[in-house]
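Next come two complexes, and both contain chain A; in the first it sits with chain B, in the second with chain C.
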Partner chain A sequence: MAAGPDSNFNPDMEFFVDMQRCIGCRACEAACAECETNGQEPMIHVNYVDRAHSVQTTVQVCMHCEDPACANVCPADAIAKDGNGVVHSANTSRCIGCSNCVLACPFGVPKKMEAAELMMKCNLCYDRTSVGKKPMCATVCPSGALFYGTREEIRKKRPNSDPVNTFKFGAQTVHTKVNIMMPKGSTELRVH
Partner chain B sequence: MFDMQAGLRPRLQNPIQNDMAKLPTSVDKIVAQYGPHKAYTPVGGFHGHADPDKLVKTHCCFCGMQCGIQLKVKENTVVGFEPWMDFPFNEGRMCPKGVARYLQNNHPDRLLSPIERVEGEGFRPVDWETAMSRTVSEIKRIQSTYGNNAFGMLSGVSLSNELSYMVGKFARVALKTANLDYNGRLCMVSAGAGNKKAFGLDRISNSWADLKHAKVIMICGSNVSETFPTLIHYIWEARDNGAKIIVVDPRITPVARTADLYLPVRPGTDSALFGAMLQQLVENDWLDHDFIDNYTSDFQETIDAVKDYSLEWAEEVTGIPAESIKKAAELWGKTDTSFLLHARGIEHHSKGVDNVLGCINLVLATGRIGKPYCGYGTITGQGNGQGGREHGHKCDQLPGNRDITNPEHRKYIADVWGIDEKDLPGKGLTAYELVEAIHRGEIKGLISICFNPIVSLPNNNMVREALEKLEFYVAIDFFLNDTARHADIVLAGALHEEEEGTGTTAEGRVVKINAAVTPPGDARTDASILKELAARLGAGDKFAFENSEAIFNELRVASKGGTADYYGITYEKIVNNYGVFWPCPALDHPGTPRLWEDRKFATPDGKAHFNPAPYREPGEPTDKEYPVILTTGRVVSQYLSGTQTRRIGRLIDPYPEPLLEIHPSLAQQFGIKERELVKVVTRRGEATFPAQIVTTIRKDTVFLPYHWAGPISANQLTIGNLDPVSKIPEFKVCACKLIPLGVPAPPSSESKAYQSA
Partner chain C sequence: MFKIFSDLNRKALLNASIAMVLVIVLVYVGSRDLQNFDAALIAYLFGTVFAVFGIMYRYSVWVQRPPTRLYWRRTWKFVFSKRFFPYLGFVITQFVKNILFQRFIYPRGKSRWIGHFLLATGCMLAFAVTIPLTFGWIHFTLLPGTTDIYVAHVFGFAVSKFELGGLIAFNAFHILNWCSLFVIIGAILMMRRRLTNGGLIATQSFQDDWMPLVLLLAISVTGLGLTFDYSFMQGKTFEFMSVTHAITVILFLVWIPFGKFFHIFQRPAQLGTNVYRKEGERLGMAVCPHTGEAFATQLHVNDLKKVTRELDFNFDMEGGGSHLDYSPEGKRAALAKAQFAAREKEGSFFG
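Right after this comes the complex of A and B.
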């Protein structure tokens, strides 16, 4: 699944998620669900944090880990990271529907499609990003909560935030291709 | 055991509502045939979506932003969308309604031919000759029996500029009735009236680009994040650049959540807030004296009207802490660039115009208008709410935003239309008053296009009774909307993507709507339907337009010299420039993204006018019997009366039914628990909703979204009080009582609310 010689995937482009900007509109879900690769199911999810007390929403999308736990635990070798750092959804001819990836992901991203007995996750819209376009969710997102572009661009656009792609889960450190925008000066996000 | 059906269908328990015999058959039967049904993208996508025949650049049909979008077309069917990255306003960004809008094409509910009412059966398809000849003979019969004005017309501003213009001309020249009004009466008229009083012109003063470096942005009564999601980009961008954001709203909406200053206003008290802020500006001399002295009028009487508006008094009236009001005045008073935005939250009141003027007074007092990053304006709601309100389908208006009672304006338009000025009808009734006149038996026949008043007008039990009194009702629509279920004839019209034209966005930018496909089956374009009706009514020569561009070219001439001057705008210029901002009075004129840079306003004396806007109470204050404030609004996944968006599965599922938002302290007072059913009762009706208990709303206020019809329609409850100037109804505040039913609602996912059965 490595990018072929004819691919226009731009390795300088990164994905940035900024929860502060999210307005919970679900345009990303609707746009993601337009993709037939997902069987018209969104691979990105918007959730209220605590609707009883806030309208704050969060966006959950594959973080495309540098060392993806989902791929590491897959007994069927169905999940693969390509040369551009994109972690690809389970290869349907290999996936055995065991749910190891669902349990292993530190971010809780992969979902097993019970109907299809297959794991499905975000491919960073490989059909679009490999021809120089942005992923669909980050294209339509009206608030800039999802942004696809270069690190330089985001630093210029968001002077009060810094992108963070280092996550500490206890003693474990995870580096990801997807960045979370944090208050200026942040370098890592300690989850617990 | 609690009877769920009865709980969710109070109609059966209410004698006023128990007369569904007035529909040709049962609601369920109508729904089974004509929907709403949920449409989804098929698994694997629509045939041809991966290799479309063409991508058609056009605009979204939902909301005043009119985002650029490309529709994928395969074999004359819309099969998907592709973001239009080059269109400068939204650069590909879209909201969920925009993403899913294409699903209304190729929809199973689509009307493919005219249909007629058959008593006891419902509706059956008929050919165009039958539908047209019956419609025209009924129009003639009613008008010859009761007079021309006994046939009314209701229109709407999801229509293009061309169709809006054509409807205005059709009603006056072909139907010869004064009684034409439009659904903008429920939307932008308070802003329009206020802007005309203050500036002599009805348009936002700046393009959205001027938000970028505004240092203070004050948003009054606008849930921008849910109603105009793509505008949020500009607000957040301003915040990145250091802007302070003030939000005035009874609810903590997503745009209020991170505001620098949130003012939780008690519904119906906005003008007290604006008055107190103005008084603070005066007390602290946060005023632009040069601007006030040289470019405005009536400052003294305006500030005299609020001289007693102390912070303590304002806190008492508005429920906003005095400190917050002071802070807002200080932020607004001391900055050097600013943008004030407002929307339906302050406009849907019996003093909507006063609220708008209260905002304008703050802008004028500080002189921050007509300069870069200094702006003011209403956020126009409907798709073509801006253009549609300029070209003559308001009861008091002629094209170019001319006044139908002004002899010179009448003469000019009569000449353009080739009629005698004496034959041009005068001012007619506004939308709600027009329906009241039907109810009184004064108007006997109705033609509607692009208006679903049984959902969108307040006090809609009265609306339904009125519809049942009509001798003849013909509707033009692409779906059988909730109101058209009462029609005798429905003429199958065209979707936004099936008819060429132009629209004008909320920032005053005239954009090109391109036809992606032709109407399916025997459905026709709206222009061709109006054209044929006009011909059969004997006015064919006045409607001999070859195409939409011919209509636009006549509109250009008709608008020439008016305040909304489109004369210098052509289809070619629009396409070449990603739209043109009006006014654009000459072909070599570039258009006007920012108004008032020359400080010459469009009023007769050329000055901007302050207007006194003293506080008065809403039409129906709370009392012992009805102790709770009811306010209404919108959710992000639905648009207007839902006749389009309640048919798209992916827009229905995230928010399947209207929920009653209520604060935990009020819920506790009534013994209401999360998701339990609550009957909301006003002097006009009652309806039952699941409770959603949230701390994001004022403790004295409950909220309902209004997009649904039938037994869960929020507008059964709202009040028909009108603003004396704009005639906008008071959707945003009335008094209610809450009766907890003590039983949990069934899961939202099982709700059939979208069907409005």
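Right after this comes the complex of A and C.
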């Protein structure tokens, strides 16, 4: 699934996520279900962080890892990363629905569609981004939790934050294509 | 220049060679020392033998990948244990439902399922007929002293007689036409999806997605063309039809190991993962430390810890435990909490 020469993917535009700004309105979920690559099924995740104690919500898109754990653990070679660094949803004829990717993704992204025995996940709205448009979710987010644009734009918009794309999960470091907004000067986000 | 040889996978090469030799031996024995072998099919035989070699090679390389190897080993160990017996019925129903009928495609879309079912059924039926013919395992003769009674021979033994012009003869000689018709309808349904679905248009490629459909269509159309030619055109296009049919079929065979058609051989693994999950449920579920709910089998979580290690990932946490102990929701919450904590520490939630 390498991007063909006719692909108009704009490498200057990037995804910047600030989940602390998420208000749980689920506009992105509705927009995601409009994406033609996943046919009416929203792939974005919106959920309460700790429902018993707070109303904080979080939003999660695929981070498009440099060395994706999901693709590594797939026994069917169903997940591929293309030349633009986009990690695609499972190849429909190969995926055997084993859920390895669902459990191994450090960001909890892939979804297993039980009846269809198929994994599906966010593919950065490839139908849109491959022609230079923004992903659906980022066009509707009212709170700025999801932003898709250039580094220049985000620097102006969020002068006191820095985008980070290095994450630590225990002993594991993960580098991603998608950024998370952190306090200025941060270079990584340690999760555990 | 000889890098290709050092890159070859030794084990796979061995398996592929054994499979190839085995097929050749079976052709020799099954056709009674080639007496019943139809020389007109020699090109198809070469194509098939190459396909067997290629499929076995790729399959062997495939099952050596750590996640695949784990499932492979778990499956066979389980199949040969006494705990497998209660699952026999489950495996058989799963095989019929999900391999023969590919029912799991239905929830993805009705025409998607119908299209694929026709493609797969047409092809599998055609294989069931053409492979034994190509190998010389089946052949037909006229019953001596008659002009309308056919005898079918399997491995050189006469197994049944049928009258020319009867129902059996009609179906036996026309089954490949039915197969072609199935495949043509299936391919057209799939092509329609690929022309109209925006998501497919954005992600498909000619080589991976269109070539297989075009090839199947070409095989079926020229196959039907052969019958059409001798039924209605007095053999005027026979040369063209038979040559293009042979070329497309051989391309198909030779390409199986490299392209999309390899999924035909990968799919049975789906049965293995379903049994794995069922047996895992019996052994016990993993509970997420964050949500407090069961989210996967403990067997699966433990196996993934091993597999990720083999693949040079290490999600072990300092205070013990692993990031993989968390459910997908737990993992997302952990990330959100960590980002929130960083913002809180900074003293400003919006920056």
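Assume the second predicted complex is superposed on the first by the 187 of 192 C-alpha atoms of A that agree within 3 Å, B and C clash if a C-alpha of one lies under 4 Å from a C-alpha of the other, contacts with A are read in each partner's own complex, and residues count from 1 in each chain.
As a working rule, a contact is a pair of C-beta atoms (placed from the backbone, for glycine too) under 8 Å apart; a residue touches a chain by one contact, two chains touch by 3 or more.
It should be emphasised that the depicted structure is a prediction, and the values quoted were computed from it without experimental measurement.
Q: If chain A is used to align the two complexes, do chain B and chain C fit next to each other or clash?
A: Because the two structures are overlaid on the shared chain, the partners are seen to fit without clashing.
Q: Just to be sure I read the superposition right, which of the two partners does A:G108 touch: chain B = first, chain C = second, or both, or neither?
A: second
Q: Kindly classify A:E36 by the partners it touches after superposition: chain B alone (first), chain C alone (second), both, or neither?
A: The answer is both, since A:E36 touches chain B and chain C.
Q: Spot which of chain B and chain C makes contact with more residues of chain A, would you?
A: Counting residues of chain A touched by each partner, the higher count goes to C.
Q: Measure off the angle at the C-alpha centre of chain A toward the C-alpha centres of chain B and chain C in the combined model, and quote it in steps of 10°.
A: One gets 120 degrees for this angle.
Q: Quick one: classify A:Q60 as touching chain B (first), chain C (second), both or neither.
A: second
Q: For A:S186, select first, second, both or neither according to whether it touches chain B, chain C, the two together, or no partner.
A: In the superposition, A:S186 contacts chain C only.
Q: Return first, second, both or neither, reflecting whether A:R26 touches chain B, chain C, both chains, or no partner chain.
A: After superposing on A, A:R26 lies in contact with chain B but is clear of chain C.
Q: After the superposition on A, what does A:R158 contact: first (chain B), second (chain C), both or neither?
A: In the superposition, A:R158 contacts both chain B and chain C.
Q: Which holds for A:T139: it touches chain B only (first), chain C only (second), both, or neither?
A: first
Q: Check the residue A:V49 against both partner chains and state whether it touches chain B (first), chain C (second), both, or neither.
A: A:V49 sits against chain C, while chain B stays out of touch.
Q: Give me, in Å and rounded to a whole number, the least C-alpha distance separating chain B from chain C in the superposition.
A: Superposed on chain A, the two chains' closest C-alpha atoms are separated by 6 Å.
Q: With the touch criterion stated at the top, can you tell me which chain A residues are shared between the chain B interface and the chain C interface?
A: 20-21, 36, 39, 56, 158-160.
Q: For chain C, which residues count as touching chain A in their complex?
A: Listed in rising order, the residues of chain C that touch chain A are 62, 65, 67-68, 70-71, 98, 104-105, 107-109, 197-199, 201-203, 205, 208, 260, 263, 266-267, 269-270, 273, 276-277, 296, 300-301, 304, 307-308, 311, 313-318, 322-324, 326-340, 342-343, 345-346, 348-351.
Q: Using the touch definition from the top, list the residues of chain A that touch chain C in their complex.
A: Listed in rising order, the residues are 1-2, 4, 19-21, 35-39, 45, 47, 49-50, 56, 58, 60, 69, 72-77, 88, 92-94, 96-100, 102-110, 113, 115-118, 123, 126-127, 130-131, 158-161, 167, 169-172, 180-184, 186, 189-192.
Q: Going by the contact rule at the top, pick out the chain B residues touching chain A in the complex.
A: 40-45, 49-50, 80-81, 83, 85, 90, 92-96, 98-100, 225-226, 229-230, 232-233, 236-237, 240-241, 252-255, 257-258, 636-637, 650-651, 654, 664, 674, 692-696
Q: Quick check on the complex: what are the chain A residues that touch chain B?
A: Chain A reaches chain B through residues 20-27, 29-31, 33-34, 36, 39-40, 51-57, 134, 136, 139-144, 157-160.
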